[in-house]
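Two complexes follow with subunit A in common, the first pairing it with subunit B and the second with subunit C.
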Partner chain A sequence: MFSLLGVPPQVLFGQLLLGLINGSFYALLSLGLAVIFGMLNVINFAHGALYMVGAFVAWLLLTYLGLGYWWALVLAPLAVGLLGIALEKSMLSRLYKLDHLYGLLLTFGLALILEGAFRHQYGVSGQPYPIPAALQGGQNLGFMFLPNYRAWVVVASLTICFGTWFAIERTKLGAYLRAATENPTLVQAFGINVPVMVSLTYGFGVALAGLAGVLAAPIYQVSPLMGTNLIIIVFAVVVIGGMGSILGAIVTGLGLGLLEGLTKVFYPEASNIVVFVVMAIVLLIKPAGLFGRER
Partner chain B sequence: MTVASNATTIAMRGASRGTGTVLIAALLLAVAIAAPFVLYPVFLMKVLCFALFACAFNLLIGFAGLLSFGHAAFFGGAAYIAAHTVKVWGWAPEFGLLAATAVAGAMGLVFGLIAIRRQGIYFAMITLALSQMIFFLALQLPFTHGEDGIQGVPRGTLFGLFDLNQPLTMYYTVLAIFLGGFALIWRTVHSPFGQVLKAIRENEPRAVSLGYRTDRYKLVAFVLSASLAGLAGGTKAIVFQLASLTDVTWQMSGEVVLMTLLGGMGTLLGPVVGAGLVVTLESYLAATSLPVPVVIGCIFVVCVLVFRRGIVGELLHRLPKRGH
Partner chain C sequence: MRTLLLAGTALLTLAGTAIPAAAQVSDNVIRIGVMNDRSGIYADLAGEGSAIAARMAAEEFGNKVAGAPVEIVVADHQNKADIAASKAREWVDTGGVDVIADVPNSAAALAVQGITKDKKRIFLMSGPGATALSGAQCSPYGFQWTYDNYAMAAGTGRALYEQGKKKWFFVTADYAFGQSLEEETTKMVKSLGGTISGSVRHPLGTSDFSSFLLQAQGSGADVIGLANAGGDTVNAVKQAAEFGITQSGQSLAGLLMFITDVNALGLQSAQGLMLTTGFYWDMDDQTREWSKKFEAKAGKKPTMVQAGVYSAVKHYLKSVEAAKTDDADKVTAKMREMPVEDMFAKKGRIAANGRMIHDMYLAQVKTPAESKGAWDYYKIVKTIPADTAFMDPKQSGCALVK
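Let's turn to the complex of A and B:
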């Protein structure tokens, strides 16, 4: 068996794949955060909790209604999106005129409630979620074994990320959205219902988190704690990438996932903190973030 | 509107009420001295530790407009330092506390230098991310003993004179530490330095245009706040003879935000009231089957939506306005 940089290739590529998958989740979540922040000027602390809710909806659908993965892939983001719209309409929309920090504090409270409620109900141990039949098994690529489901997660999340990028940067609806981000009053004056647009944007952003949750369910166990630990890393990703650009969020997410995977191979002790170290270095060199604009 | 700006102007008006303030202060001091004869000293000491922690946090959010979401790193990090120096190195408690404060201050310097490069919401996210890094370090470094934490820390003898194993001696030591920290914060807020901080909070570009190097001011405030949070954490480690992961989690950072928000951001006494309420509530909830995070989260949501002045802020707001 040959080795690469003193590491067996199975280990190296296995960790890189895991890094790529983590990176896809970072990308999906930071994309949602960036879209929401652009429109609402709110950092959605509840994003991680809603990702967890997405995974739990999938698990509940399977356990109690017998609806499988493909149904969950549609229904869970929808449910999370609707929950998001309800939260935005009832609470967040009251805070837009105040300091942005209140939005962060409110969503922090919501995250505590969601996480605490699920933890109270289902405990801290994870619930297993099976890989759908169509995606079981894997391919032997010669240098490594590629499980089909993991390949699917990477392809699916990349497709969603670039689809979102296309929708926002290249379609008419996206143009309205970008215009409303720049100057909501003017867009409203042109006869576009900005408050509805804001609600839908929040719903869409958190639906992305819910979708990520469903994709994650078969890989990680469905656990109430899966969201919040992730969201703090995603915050660091967002700080590194800067929230100015959607493509930037995607690239940074994937890149940091890979970097984390590499760290796991070569210096596993640091794998938990490598993203934060990168954040500190980026802030010292380029405070606006890699793709950000100062504002 | 910036966070807590209203509350502070009100608080300043309150502070200038002269004799009334002195009377209230004397009354509160008398209550604090008599309290251990009525309530459990350990409970009171917990309140005092968290009150100092919240006051230190409030110095940033209430008077400099900086929302740090990572203050648990200083609180919990300093607790580990105090526990380690006292238990493993056998230092006297006063030196353990000094070391804890100094290390927290140094951490504050590093965090501050990094986080102050961004403003507002980013500042909160950066401090949160950095404190999560400290959490992982606390989980992995050998001297913190991972999930177990540092247990059985001896309370020792303060200055070689006062045996801290006596509950009352320990209580009055903690009270003295709290009052010292509180006085320092009071002095800072009412100094020219504090005025510049408020100017930065209200309008940073304007403060810059007036020639203030605002980053320096923010950094000094951050280091001061981190040191005092460390002092509170170190004291807690000595009182409870334990330093554990709980104190470095992001939930702890959130808790101190809640104490300050509930009591009143930008008021001097608000964080003390908030800390007292939250600690009482938690010890009450511990005996019930209600999930604590859900209740804490609900209070958070209600405070943000309808009660942004907090308890003390609301009281001061409702007091009749007398001449300046």
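Let's turn to the complex of A and C:
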């Protein structure tokens, strides 16, 4: 058998697969960010916090109402989406005329408030959330033991990512959305309610974050800090992929997950900065990101 | 004339008794600064709970020692050594802080130790584990109270070795504490005749451990030693179960686990884990009573770090009372002279290197069936006597030991 720099192929395949799993989380989260930025021109810093809220909603449903994972998979994104719409209607919508920076500041503030509130209520150690019975156990692939749940995460998030991409790039509704970003006045003149569409888009974008939260709950601790850990990386993914580019977010998310997985084998100490090194290089060579267009 | 003279003498005598008593305590107040992580991954095991524990100790003295009021101030070092250092400097230079307490996160504690040593301020370390704090970086004013990495390695490492787990792999948090814990455990395992099959370093605050666990799994080790703490340990244990590591015959050893970690994991995932602890709330009537009071204020049972803060602050205040001054040299002399006797430590004593020597406990996490309810988590498997629980001060590398 061949080996690469002293690393046996079994280990390498295992790590690549794990990278793909992490990458699918990055993809799902950065997809939501890309949709929101692409359609609303808002840099949504509250994304990580809403991901955390999604996980907490799942935990609350289980603990207080006894509703399990499959319910949470539907209800938590819905709850987060509604919360998002409320935030958009009450606060964010007032900032569209101003510079991007104001939206960023507002959402960053919201993120701090949400995290602070959950931290105050539930502490930082987090709450345990069990893997649903149907997805417990795993498969022995020869080169690694793949937990069923992680396989499910990859399938679920890839399906949703490509579904979203298809809806925005290939359907009539998506065409309206894209048109509304280019020229809202004209689209409104054709009788389409642009403000409602924008609210729904924001709701959908954050619902994706909520969904990622539910998917993450059985793997990580449901903890108020879980969003903070992830959001910076996800932003780097969006920047590398090109702000607002949906395909860019998906492809870069998966790609960086793989790259990070490899770093964990060859030089684990650098695993939390490799994404940013890539970001710096990409910004130097192609400032609009790999899939972005200069505006 | 005569009466005036008398009155004058009387006044002078009065002043003579009143002023020096107060003057012996700098700026007339004993100020204790509790510094720790109040918002990050170590906030539950230390955080506000440590401040509550310090206040409980002060309340036992009626918030007053040697005629001066006791004041507790708090700060969040956010697990950053530079913030810890600048806050410590500010406290000492302008804040009138006499004692700094707790400081989990060994990197932060090492920074604070440098400052308290230079400025002659007492440093009561309950949170940090790096042995350097009572070793190469020891200070005549620094006391490591609750546990240290050697004690963890000696307790858990030896116990697992005796169960026949001889080949180790480490998953280590990549900073001062994790590296020190790995090093101590390595020494312990090797001295017993075991082997190390490898190690991997992860950044502090990692959420996904699967990659590291897979490397550990592939190493063929008997035991995967988790040389990390708090949220990192919790995530690693949880994901180890997911990847079938314990089912496939490898054991996990949480080299530093706190009761809040077990609480966060739930007994379902944590059951059977062996760990070493300096304190458990359910050991005797004294610990139960104190922990009940603590729970009423904090809403949860104390960790060993929080109980250690209480014990250290109490011993400090006792020593101030005995020395009748807050002069650091005189108080540390008293602290070293008097035994540490409270609900946390029985017949504890401070060694020349600043290590507080007391009994440690080897515990095993109960199964859900064994547990009678909330916080009923540990079975104390054995008491590790004070003499063997900690490193021999002569071997610590501390220049104060002669």
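Please note the rule applied: the second predicted complex is superposed on the first by the 282 of 295 C-alpha atoms of A that agree within 3 Å, B and C clash if a C-alpha of one lies under 4 Å from a C-alpha of the other, contacts with A are read in each partner's own complex, and residues count from 1 in each chain.
Going forward, a residue touches a chain if its C-beta (ideal position, glycine included) is under 8 Å from a C-beta of that chain, and two chains touch if they have at least 3 such contacts.
Note that the coordinates shown come from a computational prediction; the quantities given were computed from them, not determined experimentally.
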| item | value |
| --- | --- |
| Joint occupancy of subunit A by subunit B and subunit C, clash or fit | clash |
| Contacts of A:110 with subunit B and subunit C, given as first, second, both or neither | first |
| Partner chain(s) touched by A:254 [first = subunit B, second = subunit C, both, neither] | neither |
| Partner chain(s) touched by A:124 [first = subunit B, second = subunit C, both, neither] | second |
| Contacts of A:20 with subunit B and subunit C, given as first, second, both or neither | neither |
| Touching partner for A:272 - first (subunit B), second (subunit C), both, neither | both |
| First, second, both or neither for A:211, with subunit B first and subunit C second | neither |
| Contacts of A:83 with subunit B and subunit C, given as first, second, both or neither | neither |
| Which superposed partner A:160 touches (first subunit B, second subunit C, both, neither) | neither |
| Clash-bearing segment of subunit B relative to subunit C, given 243-251, 261-269, 279-287 or 315-323 | 243-251 |
| Common interface residues of subunit A - those touching subunit B in one complex and subunit C in the other | 119, 269, 272 |
| Subunit A-touching residues of subunit B, taken from the complex the two chains share | 1-3, 67, 69, 114-115, 117-118, 120-122, 124-126, 128-130, 132-133, 136-137, 139-140, 250-251, 254, 257, 261, 291-294, 296-301, 303-305, 308 |
| Contact footprint of subunit A on subunit C as seen in their complex | 39-41, 43-45, 47, 174, 200-203, 205-208, 210-212, 214-215, 217-218, 230-231, 234-235, 238-239, 242-244, 248, 260-261, 263-266, 268-269, 300 |
| Footprint of subunit B on subunit A - complex, ascending | 37, 43, 91, 94-95, 97-102, 104-106, 108-117, 119-120, 228, 232-233, 235-236, 238-239, 269, 272-273, 275-277, 279-280, 283-284, 287 |
| Footprint of subunit C on subunit A - complex, ascending | 8, 10-11, 14-15, 18-19, 21-22, 119, 123-128, 130-131, 138, 144-145, 147, 149-150, 219-221, 223, 225-226, 229-230, 261, 264-265, 268-269, 271-272 |
